[in-house]
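Next come two complexes built around subunit A: one with subunit B, the other with subunit C.
== the complex of A and B ==
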């Protein structure tokens, strides 16, 4: 896996936004914030505000968050801006991890489901699991009640 | 026009050295950051530990190193074959086909519940009874499932109103099963208002599991579930019959831990104040499993919703208080568990998945369950039948006279539902920490928003599932003596009741 996903540690990040008392707007650079991360963060706010996306210039995405009731509440907007910024940074981490681990996941899922013809692998797995379950069943929870003395 | 001002936020940069890490999802829950992965493994880290983890600083010698390595969160020694094995085990239901066949024996019902979505008709409407011929074809159809286990669940209306058809299905499927060799269960979902001794004794003798509805103490139950013509008696009847069945099981020498009437409750506004009383009632009746369920917010007139509804936030507050009361009772030695929590805990604390059709990916509609209407119509699930009852046949995938089992389960509608509920591809779910445990409900989405996919933050199920699993993680994080973990582990142990072996 490549090292391109490494970022330098513990810097502060500055996020600039505009507000007119009813909405906040971030203009984000896709070089710093991958588009998937921007869209992912915006999606999380759908229940709280109206989300508008625009492309003011190449490689730039503008996200505008507008309160649903249209009321002017500068304090609430500050909170919203801060929460969006935090969500965006988390989404960037998610994007970096997904990018770096995509092949690992593909391998694991391919091994899980497609290594042998589907049905025979499932049958084999079930046999394995049944053996395992008996081995692991210290409490004998799988023993039917008729056989453990509680029966008819 | 208000003046635009420019401001800025200074935030600590989240540094990540992804090449040191395995694949993980994460979310901030209470004071912790929860990590989860595709195998259903999880760890709870402090924010400081999380930062160290992201920076690749959790190395040999770090107190969390072993745990994170073993669970596949670190790239060091990452065993992908083991991960694949765990994923396969978690999703073993994918190769099975439907294991739940819902049969609607009639639409007739003598209750008219405040929150009923099931299309119901009055008692004189015998034209909404399933015929014996339709029942035979429905059983034949359902038994074509490749699943080695099959549960026939009888629903309505009130399914015991058409008891001859119910009896026929039990007996005919057992007869057919002599060739098929499946493990069969039969379960009837009844409000008990049409029960009599003969029917009850037949159900006990034939080991048909009985599940009823009990919304709480008398005042709550009777207000929620008025019995046509007998306003005050619904509670008395259901409790009386529960006791009758439970005594009969004991008389037959059956283990009461496994053999007792199960009950489901639906919470209305009234229930929100009566959580502890409801739990006490369930305990008094010997029920070990209480499902605290919210109302589904569709199909209501606004007036009804105002009278009985509430927000998901209010419901989650009630759920939290009631769950804490249940945990407290468990600490005192009382055996009672909350059903939805138990479903999630099985996913979180065991290597398996309980294959609960409503909380899995993809959802079980058409791939884990199938529903047969009274007239032989086939639907991917009971909800599809309800939508049909409301005049929209979008989820009808055939009928038992003309549609083969293969045609039904491969129907484009079933595929669309699977696509709309495959969490790895849905916005928000794809990166959500709860995805290994969660499930979405495309048919609910359709009923509420007219769209199979809907937007996650707007759906009650998303808030509900995130709220419940988040709560479970919080209780596990705040458990210095391990008492909660041991109670939760006990809730994950299933002892199978007798299934039909013939």
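== the complex of A and C ==
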């Protein structure tokens, strides 16, 4: 019998927002959201709102967003926090993909930049053609007619 | 007013650059220790609302840009 546990939507962890006037704040766990992803999402929001990051505990980052226009609409703040959470997920996926394909990318770059081919591709093709021409010709087309005794 | 920045999130050089950029709008004093960067803002210009928020945004922008530059340099 398999021992699996399922999590209902109500038990799943959700971001808890605290709104206060023009501010909305929430705390993120760096084990779920890497620091690079949090900074990436914060960078995208710098032109839309004031972003302040704090470290309330080890592996925790508190994000505080404050509107620039002076509006203090709680619904708008919640929408802002939701959009930040979406951007954060996008950044997490980008980070994970970059992390998992990093070695492959480095290998491709190293191969492209640090290996010097003996011949260029065109030289290589010409050499292959020359080799083919020098191979034995079953029909002896390459032997001049005079040398083949045809002139006698 | 004192602003406290975590060194694990903000770059001290970015904060020094921000202090230089905002030097005409207030008097800024920066103190860096192992974990935090404390910035004291005195005599802020009354013409700029949310001056410290603008300051923090600029510092975060430069911190992220510096972090990206240094990670690109390590490739």
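Descriptive notes on the structure:
In this section, the second predicted complex is superposed on the first by the 102 of 152 C-alpha atoms of A that agree within 3 Å, B and C clash if a C-alpha of one lies under 4 Å from a C-alpha of the other, contacts with A are read in each partner's own complex, and residues count from 1 in each chain.
FYI, a residue touches a chain if its C-beta (ideal position, glycine included) is under 8 Å from a C-beta of that chain, and two chains touch if they have at least 3 such contacts.
The shown structure was predicted, so the numbers you read here are calculated from the model rather than taken from an experiment.
Once the two complexes are overlaid on the shared chain, A:93 sits against subunit B while remaining clear of subunit C. Contact with subunit B, but none with subunit C, is seen for A:18 once the two complexes are overlaid on the shared chain.
By the document's definition of touching, of the two partners only subunit C reaches A:54; subunit B does not.
When both complexes are overlaid on chain A, the residue A:104 reaches subunit B alone and has no touch with subunit C. Greater residue coverage of subunit A by touch, when subunit B is weighed against subunit C, goes to B.
By the document's definition of touching, both partners, subunit B and subunit C, reach A:43. Contacts of A:114 after superposition: neither subunit B nor subunit C is touched. On subunit A, the surface touched by subunit B in one complex and the surface touched by subunit C in the other have residues 39-40, 43, 46 in common. Those residues of subunit A whose C-beta lies close enough to touch subunit B in the complex are 1-3, 5-22, 39-40, 43-48, 72, 78, 81-82, 85-86, 89-94, 96-101, 104-105, 107-113, 118-119, 121-122, 125-126, 129, 139, 141-142, 144-146, 150-152. For subunit A in complex with subunit C, the touching residues are 35, 39-40, 42-43, 46, 50-55, 61, 66, 68, 70, 106. The residues of subunit C lying in touch with subunit A in their complex are 4, 6, 8-10, 49-50, 53-54, 56-57, 60-61, 63-64, 67, 75. Subunit B makes touch with subunit A in their complex at residues 1-19, 21-26, 38, 54-55, 75, 78, 80-81, 83-85, 87-89, 91-92, 94-95, 252-255, 257-258, 427-428, 431, 455-458, 493-498.
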